[in-house]
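Right, I'll just put the structure down here and ask away after.
Letters A, B and C mark the chains in the order given here, with residues in each chain numbered from 1 onward.
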């Protein structure tokens, strides 16, 4: 788990204007739990290297892993990953990492997922795994994005939202937000409406930029959820 | 600055953030145009009404103290300096306004040869007293003509550009004068007690 | 730059300790707060990694990496408690 492995890029798929899904094959990948991430390292010809953490977007699937990378124009790593990386290229990865921010499939409790921007990625893995296993427990995702064009895997999210799973997408900047999108921020009112009441004792997972995570975590605790039931993962400006 | 292991592969076309430069930089540094914000703790909110800057002598007595109005009434100067962070970025031609340590410590009568710079929170850094004097250091309150922003150390930070920039303590509050060099926040865990970028003195064993 | 949390340094901690630490818990020497390492406030990108108690801001873990060594200072944590992986029970 702590060792670097060499992964092969199977394909890169444009997801939105700014984001690309990178499909990797990792020989001897030990498997992962939804919510975990990996570290990815790029090395230049002169030996200079840079690494970043990326949440695993896909549910466990043998040696296959999907990453969703959002391009930051002034980033050091994301421009390369979203523009230059090609099928057949090799990248070094280390993982899976993270034993705290993980969704256990056997957990019978309902789950509330709240993601801001690229913070939705580890939550997407949870939703996908829940669906793949056909779990009966409730799982609701609240996903805050800026504009409709920034919403990752929009169609797939709509398809996943069936049976015990529900998805609410709120847009903070799209003035023309129309159903199925809501307009505004994820605040206490939204969480109370689409989340689970505190006495249902859900597991809550909150992920995204630090200010988003802290505001949502505070709102959830304010609604009566036990702090230990609200798991958080904060992303830096590189989006994780 | 990356860790372990042999590099197994090379990513064709990846260059990273480095840009070429015609100006010589200290070894291992690269040039940046922005001004990265790096901290070891939360940005403190400092009240100018309770702010003070003190000099504490070897025996523990406060020999000098300025409130904010007193500090701002001292003679100050504009300086343009290059800064070098131990995390490898360098920024050239940065403009600051501040009070020279020659003004703050001028004529001080002490047996001390070292100083421990004390800042808000638990941040400290150490250096020889001589490296604060002789036109080499300032307590700066303005950057690029504007009041120094909190995330960059405002209301006032130490500026000692001939050493790695972790020595230029943000949110400075005082100087503890010492007869022996005493490692500060980063020095105690592996960083160099002196920190000359031109001799690449980043760590203990450099 | 906003602070992150212990999840951000999961890889570094796993490299140093040989297993994931984000669900390990510490007891803070400052205030006795007892929480997973994944929830500690993390300052990264500077000369080293600093993990602070979310309750009282005491530095619990400080990590500095040099080309030859890694130094870990754990003096802010009175106790570090790891979960034994299922495979090793």
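Throughout what follows, a contact is a pair of C-beta atoms (placed from the backbone, for glycine too) under 8 Å apart; a residue touches a chain by one contact, two chains touch by 3 or more.
Just so it is clear, the structure is predicted and the values come from calculations on it, not from any experiment.
J.: Can you figure out the chain closest to the middle, judged by Cα centres?
T.: Of all chains shown, the one whose C-alpha centroid lies nearest the global centroid is C.
J.: Please state whether A-B or B-C has more C-beta contact pairs across its interface.
T.: Spelling it out, more C-beta pairs touch across B-C than across the other pair.
J.: Using Cα averages as centroids, what's the distance between chain A and chain C in whole Å?
T.: 23
J.: Suppose each chain is reduced to the average of its Cα coordinates; what separation in Å results between chain A and chain B?
T.: Here chain A and chain B have centroids separated by 38 Å.
J.: So, what's the distance in Å between the C-alpha centres of chain C and chain B?
T.: Using C-alpha averages as centres, the distance is 26 Å.
J.: If a residue has to touch 2 or more other chains to count, which residues of chain B qualify?
T.: Chain B, residues with two or more chain partners: 4.
J.: Among the residues of chain C, pick out those that touch two or more other chains and give their numbers.
T.: 1, 3, 15
J.: Mind pulling the chain A residues that touch 2 or more other chains?
T.: Each of 51 in chain A touches at least two other chains.
J.: Name, in rising order, each residue of chain B that touches chain C in their complex.
T.: Going through chain B, the ones touching chain C are 1, 3-4, 36-42, 86-87, 121-122, 151, 166, 186, 188-191, 202-205.
J.: Of all residues in chain C, which touch chain A in the complex?
T.: Contact set of chain C toward chain A: 1-8, 10-11, 14-15, 18-23, 36-39, 42, 44, 83.
J.: In the complex, go through chain A and note every residue touching chain B.
T.: Interface residues on chain A, with respect to chain B: 3-4, 6, 41-45, 47-51, 74, 76, 80, 84, 89-92.
J.: In the complex, go through chain B and note every residue touching chain A.
T.: Of all residues in chain B, those touching chain A are 2, 4-5, 7-18, 34.
J.: Where on chain C does chain B make contact in their complex?
T.: Listed in rising order, the residues are 1, 3, 12, 15, 41, 43, 45-48, 50, 52, 57, 59, 62-71, 73.
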